[in-house]
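Before anything else, here is the set of structures, which you'll find just below.
Across the two complexes that follow, chain A remains constant while its partner is chain B and subsequently chain C.
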Partner chain A sequence: MAVIQTRNLTYMYPTATKPAIRDVSIKIEKGEFVLITGPSGCGKTTLCRCFNGLIPHFYQGEINGEITVAGLNILEHPTSELAKHVGLVFQNPENQLFALSVEKDVAFGLENLGYPREKMQKRVDWALNLTGIYELRERAPHELSGGQQQRVAIASVLAMQPEIMVLDEPTSFLDPLTAKKIFEVIYELNNTLGITVVLVEHRLDLTAQYSNHIIIMNQGKVVLDGEPREILSSKETRLIGVGIPKATRLYQILKEDDGVKLGKKIPLSSEEMTKLLREVIKT
Partner chain B sequence: MSVFDGLKFRRVYSPIHNLDPRIKFIYVCAIFVIAIMFGELLPLIILFTFQIPFVLLAGVKREWIRSMRGAAFLATIIFLTNFVFAYLGARGIGQSLENAVAMTLRFIVLIESFSIFFLTTSPDHLGLALEQTHVPYEFTFAFTTAVRFVPVLAEEAQTIMDAQKARGLELERGNFLKRIRNYIPILIPLIVSAIRRSLELAEAMESRAWGATKKRTNLYVLKMHKGDFILIAITIGILAVAIYIRLYLPIPSINQLLANIN
Partner chain C sequence: MIEVEDVYFTYPNGIEALKGISLTIKNGEFVAIMGQNGAGKTTLVKHFNGLLKPTKGKVSIDGVETTKVSVATLARKVGFVFQNPDHQLFSETVEDEIAFALKNFGFKETVIKKRVSWALNLLGLTKYRKTSPFMLSGGERKRVALASVLAWDPKILILDEPTIGQDYQQKEKLRQFILQLKAQRKTIIIVTHDVEFVAECNPRVILMREGKIVADGEASKILTTPEVLNQAFIVPPQIAQIFFQLSDLGFPRNIIDIYEAREILLKAIRRKTM
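Take a look at the complex of A and B:
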């Protein structure tokens, strides 16, 4: 069953002269790990804002087409109601934390939903443990490092136990190692809890291996949509300027220029590439 | 960054910090009332020394001394005006002196008690207290968020200042008016980025079900502990004693006491 489905979705910001996204028709299944990528300004963030109703409720503007998220038509349900189903994590961790302690920040959504205290405390502890920041719970968010802050942001969304988590470039303020750890946390949530993850990212090197669905956007349109191995090895993807994982690119070069084919499975990460190379060396 | 240091909050644990801010506030108000009730020097001295144990117990001696020093200028003015006018009003020098000292001390007692309150109450607690005294949540949220973003904005101001200086902006040049005008290239980017930040913040709030229900709950709840009851008892005690003294006991002035000794 599709948890997110759009049909010919077109949206224009109030002050804009041309639509930020045009004719977007996508289908995201339950439990998928979806990667959305594409050059800057291609409408990825706008699409994310549609998923929890910030567009059109917060931004106004002109929206056309259909969009249902978790079985709800976003045009008819306010963001506060959609928030129970869709969690949105933003780019800048600093601007999405507003409380004076981590614990309180994680509880913010639950407080808004009017949860009783005992239940809330349990949920908060659960979310903090899953994201590995339980020992930071009494610290002030602004004292934490960027990576820790982003974990708090993820925990605070997770605490509401949404079916879908949308993360809009959550690691663009972080260094590669911290980013890698964040991705591992996100993958864990997808893998063990079955939460549908929609991740907007440029760093495909670190994320492609986790995904099982990839959507590539360019100039407000969805250009490619499908299986990661297939899409990342296609020529079109490269021409748009998507940062294809180095392992995939290496595989491609060897195949196209030298006619060498390393195994059947196109690698998406260095680990997978290493495995392929080892097999070749052995034989 | 020293200008902004005073605005940063630190999480400290002490018997005084753990007290319920509402009770602390009542205590401060009681001290306030008592200080207004007495114009004589002797009870004000007692009131002043009475609060010093609180400072020591809370471990905020250094900050407290700093805030007292901050009040010194105003205190001097109060002292001088009181002394001069009392003296001109043809009172003896001893009595005018005592009167002026009393007025100054009254002011210091007020500052003292308020600074104890603010030095030992985390903004977190204060927000919670506001919330539980049924102040609308929008206001308390605005308050805690403001406190939360002060260090962030201070840091940003510093970054913008550095950036503008790197482009050749000279802040410390020219006369007074020119100097103020020098800050425009700092203020504009700061305000623009603050507005942008607030939009992002609003988005994040919306995404976390802001305003989903009318009946909002709270993770933390203020509870009265033993210490709070002790403070209530102390407050009622000193208030009662103060009222009794005011109504039924004559208060000797220091001058009279000195005269008696001689």
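Take a look at the complex of A and C:
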């Protein structure tokens, strides 16, 4: 079942002279882990803003085409209703934080949904622990480091356990080990609870291995859409300027340029690449 | 030259963010400061342009203590790009944003025009000359922030997370440009979580943890020492990971460059198949 579907979705910001996204037709199935990437300014954030109705309800502008999210036509439902289904982690965490304490920020969404107190506290503590900010729970969000703020933003969406989680470049502020840990958690939620994950990223080294669907955009359009291993190792992807994982790139160089007979499964992580290398070095 | 002598810093809310930092950065050095969220990286670099003053200890730029000069004077010498571009941008158009500091420093109108065009072009922003910085994507805003500082060509450049929001091509351009500045004996300090970018740049790496420096050395050494990386919450670059995993076969463990990796692997593969 598709949880997000768009048909010829085109959108232009109020002050703009040309659309930020054009003729976007995509289909995201329930339980997928989708990676969206493409050059800076290609429309990734704009597309995310459509998924939770910020576009067009907050940003206004001109929208054309069709879009349904969790079975709802976003044009006909207010953002407050869409928020029950979609959690969005903003590209800039500061734009998402407003409460006086970290704990209050993380609890905000659940409070709005009318969660009972005890259940809410449990969920909040769970999210604070997973993101490693339990000790910071009484601190003021604006007095935190950039990465600590990003963790609060992620925790507040995690706490909701929404049907669909959209994360806009979440790793850019996170230290790599924390990013890795948080993605292991998100991957597990994706597996166990069937939460659909939509992840926008430039840095694919930490996250490509989790995805089972990738969408590459360029100048407002979707240019590639499908299976991550094939797409990430294609020449087209590299020409667009996408930074593919180094393990994948090394595989490409050895196989295509140097004619090494490496196995068929295109690697997305170092472990996968090492396994292929052992096969040709041991024999 | 930047000299930091036993610096401690406590925020008004009582958080002690720096706990005895000592370090020297010479002219012409390219340094990457890395480490855990909240380790004190941003707090430390804000001391280099006098935005923050030590609670205890001393920071000197070219021999002058930062407490003895005005922030305005320091600003001419030390360019600073904030982690979050929204803390920096305020003008109505991208062009005005870039011209602002140049005007402040009293550059001639003709020079300003030239420098603005140069910076717009360098960061791929020419088509946004007349656009409001607030109507741009996250990565574009970061590039406006970079452009507005690079435009006045400061002697010391501090870039807090310069690769945020940047695609591979933009990063590659930035890398080339930084190396060019280094060749001109400019000092470049970046704060970053982008391990793969650091692996490609191969700068001096300083690792921080809980307000202290835990390691300082060549990227190819630091990024291939798992024990210190772990302490600083850093995951090694993928090429280094591959070589750790292959170390039982006698491969070196200090490889971060993809082309070096290719050479070594090709040799080993050809030896086995011959």
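The working rule: the second predicted complex is superposed on the first by the 254 of 283 C-alpha atoms of A that agree within 3 Å, B and C clash if a C-alpha of one lies under 4 Å from a C-alpha of the other, contacts with A are read in each partner's own complex, and residues count from 1 in each chain.
Here is the rule we go by: a contact is a pair of C-beta atoms (placed from the backbone, for glycine too) under 8 Å apart; a residue touches a chain by one contact, two chains touch by 3 or more.
It should be emphasised that the depicted structure is a prediction, and the values quoted were computed from it without experimental measurement.
Contact with chain C, but none with chain B, is seen for A:278 once the two complexes are overlaid on the shared chain.
Using the contact criterion defined above for the overlaid structures, shared-chain residue A:92 touches chain B and also reaches chain C. When the two structures are aligned on the shared chain, A:75 is found in touch with neither chain B nor chain C. Judged by the touch definition given at the top, the superposed model places A:202 against chain C, while chain B stays out of reach. In the superposed pair of complexes, A:103 makes contact with chain B only, with no contact to chain C. Of the two partner chains, chain C is the only one touched by A:180; chain B is not.
In the superposed model, A:193 lies in contact with neither chain B nor chain C.
Comparing chain B with chain C, more residues of chain A are touched by C. Contacts of chain A with chain B, set against its contacts with chain C after fitting on chain A, overlap at residues 92, 94, 140. Residue ranges on chain C touching chain A, taken from their complex, read 11, 13, 15, 35-39, 41-42, 83-84, 86, 132, 135-140, 143, 161, 163-171, 193-196, 199, 230, 232-235, 237-239, 241-242, 245-246, 249, 258, 261-262, 265-266, 268-269, 272-273. Every residue of chain A that touches chain B in the complex is listed here, in rising order: 49, 52, 54, 57-58, 79-81, 83-84, 87-88, 90, 92, 94-101, 103-104, 107-117, 120-121, 124, 138, 140-142, 156-157, 160. Looking at the complex, you find that chain B touches chain A at residues 9, 11, 122-124, 127, 141, 144-145, 147-148, 151-152, 197, 200-213, 215-221.
Residues of chain A touching chain C in their complex: 13, 15-16, 38-41, 44-45, 91-92, 94, 139-140, 143-148, 150-151, 168-169, 171-180, 202-203, 205-206, 241-243, 245-247, 249-250, 253-254, 258, 260, 269-271, 273-274, 277-278, 280-283.
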